[in-house]
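What follows is a set of structures to go through.
Two complexes are shown next, each including subunit A; its partner changes from subunit B in the first to subunit C in the second.
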Partner chain A sequence: MTNLEKLKSLIVDVFLIDPSEFRLDLRREDVDTWDSLGVVSIGVGIEETFGYHPTPDEARALRGVQDIVTLLTSKGIAFHE
Partner chain B sequence: MRIIKETGGPETARVLDQAWSAPETFALLPTKTSLTAEWVEQALGAIPLELQSGHFCLFTSGTTGDPKMVVGERRRSEKLACVLHAVQDSEPVKETIGTLPLSYCFAFVNQWLWSRVSQRKMIHTHGLGRPDLLLDVLAQAQQAMLCLVGAQVPTLMEHCAGRCFPGIIRIHFAGGRFPQERLLDLARVFPSAEIFNNYGCAEAMPRLTIRRAGEAEVATNIGRPIPGVELATDDSFALVFRSSYRAVAQLENGVFRRITEEEWVPTGDLGHRLPTGDWELQGRANEVFKRYGEKIAIPQILTMVNRQWRGSALLYRETDAMGEEGVVLVLSPGPTESHVRALLQAFRKEQPRSHWPLRIESVAAIPTLPNGKPDGKALRQSPGLQVHWRQRI
Partner chain C sequence: MSRPEVWDRERLLAEPLGDAVVWSTRCVQALVEAALDPPILSPDQPFPPYAATLIVFGGGTLMDRAKQLRRDRSPGLRLIVVPTLWGSGAEGSRIVVLSGPDGKTISVDDENLPDVRVHWPELCESVPENLARFACGDAWAHALESLLSPLGTATSREEAGAVLRRMMSLPLAWHADWLECSLLACKCQAASSVGLVHGIAHRLETPLLRSGKEGWGHARLCSLYLTPVQAFVRQSTPKWDERVRATALDPETVSSKLRPLFNQEDYSLLLPFLEAHWKEILRDPCTRTNAALVRPSTLDFFREFRQ
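== the complex of A and B ==
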């Protein structure tokens, strides 16, 4: 499974969206379940899936899927496979 | 004091008949019980002299697992059986079919004592322990009354698939959640049956309210108090009652105490009175709690789950990694991936995230107490517990 597939699976699982709703430009405001508890959940999910533990500030600053990709890329996790 | 150990079936009923006619107070012990002989001996030893005739003692371990003894007065319970006959419109009923242990207050009063007082026949079965025999009895039933707990419905419906039992004309539910979402299924299997939601507790010995199934659309509506019963709530919405038929004493947590005429007795549930005059349950006092500042009511979550899931569903409480209490949803039998997906979509659509379960698990069969209610304690240790989804928190 590529990192992008892992991220898709994580987003679907954490926010309970339909897999067809997933896209790289998906924004927090597009997802009703990306609420304050969702911020905590995605933080835990990122650590479980990619081994990087975002700080609370980093987790709060994530405004969409692209921000997650950018954050993880900056930590050496590649999304260009 | 006479101790009657329930052996199941007509033999227990015969012994009970004799004991009821004799002056001496007796105690009816369940077949399967976690009560130790010492506990029972101590409990019975606490009964004062004035209650040692004309009374009877029943025991409950309840869903909390804490043993309790309640002492009932025979005269009052006979009066209740007569009241039930009237409010449950039982005159056309010719027989009642037992599927629950007689030591369970609901079956004891609503079936055994009712059949004695109204001079109707009681047919004993082994309940869902021997579904083949039960189905035979149901097939031969004539104008019969059935008393069930909601937790029996998924299994009963499985066994009854494709069958129809027009001889059942009344079905009474008590002891746990009313299966409002399965009324159509029940009507297909029991087309002549009028279905009732009965509410009460052991201290009430046991009935407090009743409603006909069609009179409300939600499982939590328990209808109105029966004659001789008053309901009220205190400042924290704890549901309390006064009843002419209540138990006269109880022993709980090692303390024996009389229940007086004037006192408001806690039911252990939270509730409120609706503008229609009906009463609605918000859950057991320990089933309503705050999670991340939001009020969680387990019965409301179960109502949503039961709209999506036809098998058994239970919720138990657990603390998450943030130290907040949440619930774990257990399904039985094991769901398919699409079932889980549908449930999760329903949670997404209908409930804020704080109401989502911490996990969705399944077991092959929900462990039950002897009275047919789910055994919450055993559930957590069930072998083969499978996790289907979990919140990452």
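== the complex of A and C ==
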């Protein structure tokens, strides 16, 4: 599974959306379950899936899928496969 | 003065209680009737408008109902609680779990704190053996899920660790230290959060009651699901073991301690309810602060779980 596929699976599972709704420009305001608890869950999920534990500030600053990609890329996790 | 004020039995019996009424769980009702003057009313009866004080003898469910009554209909009512069962920590908690038509909701507010908590441990001595075990499981669930919570801090984990070490030395049965330990465990979870054990308990209690399955209260559900949830978290993340070890406890010893709370027959009986309500469990706020990510596919783990 590529990192992008892993990310898609994570987003779908954490925010309980349909896989067809996933896109790289998906924003927090587009997803009603991306609330403060969603911020906690995505932090836990990123750590389990990619082995990087976002700080609380980093998790709160994630405003969309692209921000997650940018954060993980900055930690050496590649998405251009 | 910090709330709740703590009284002992003698102070309660000596204090002028004014226009008070009592709610009491059935098992201590005769004792309460003999000891106190105010009338004992059923919580299902209309609450008398003259009452300025409500004294509650019971466990978490009855105390939460009293907190809800004060919040919604009788602000200013003095609330005195006398725990007759340990586990919930409701006697010292600003959390109220409210039952509504759509299941459980949680209110967290300093206004939920009782005014007085009465320490009368003898009332707990007559608790039946199975209820006592479930009460211990409830306290264990609070302390462990608090220790593991992603919202926990170094301080909250240190406090949870301290209470877990004390609980390790207690039996899964009545012991005078349980009242204090369960209160401390409840404070730990209020400072961080709880996890999937509570998410399951909150979402299954009402459907089980509606389906006519008696006796499946919060504490029993927490007790039953502690072991399977622990197994799920341990296979998903090393955090369970790391954090338990950081409290100077051995993860395997803790697991063994909790094992008597699990019952395979009960687990199999409730599996169809877990499956039917899994979507609601996934959306429960407690589930969403679990130490390991709970996914739709996690249900397969619970379908296959055997001790």
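As a working rule, the second predicted complex is superposed on the first by the 81 of 81 C-alpha atoms of A that agree within 3 Å, B and C clash if a C-alpha of one lies under 4 Å from a C-alpha of the other, contacts with A are read in each partner's own complex, and residues count from 1 in each chain.
Simple rule for what comes next: a contact is a pair of C-beta atoms (placed from the backbone, for glycine too) under 8 Å apart; a residue touches a chain by one contact, two chains touch by 3 or more.
No experiment lies behind these values; they were computed from the predicted model shown.
**Q** Is A:E48 contacted by the first partner subunit B, the second partner subunit C, both or neither?
**A** Both partners, subunit B and subunit C.
**Q** Looking at A:L24, would you say it contacts subunit B, subunit C, both, or neither? Reply first, second, both or neither.
**A** In the superposition, A:L24 touches no partner, neither subunit B nor subunit C.
**Q** Of the two partner chains, subunit B (first) and subunit C (second), which one does A:V40 touch, if any: first, second, both, or neither?
**A** Both partners, subunit B and subunit C.
**Q** Is A:L16 in contact with subunit B, with subunit C, with both, or with neither (first, second, both, neither)?
**A** both
**Q** Could you list which residues of subunit A make contact with subunit B in one structure and with subunit C in the other?
**A** Shared contact residues on subunit A (touching subunit B in one complex, subunit C in the other): 13-14, 16, 33, 37-38, 40-41, 44-45, 48.
**Q** Which residues of subunit C touch subunit A in the complex?
**A** The touching residues are 150-151, 236-237, 279, 282-283, 285, 288-293, 295-297.
**Q** Across the complex, what residues on subunit A touch subunit B?
**A** Per the stated touch rule, the residues are 13-18, 32-33, 35, 37-38, 40-42, 44-45, 48.
**Q** Across the complex, what residues on subunit A touch subunit C?
**A** It comes out as residues 10, 13-14, 16, 33, 37-38, 40-41, 43-45, 47-48.
**Q** Looking at the complex, which residues from subunit B come into contact with subunit A?
**A** Residue positions touching the partner: 292, 321-322, 344-345, 347-348, 352-354, 389, 391-393.
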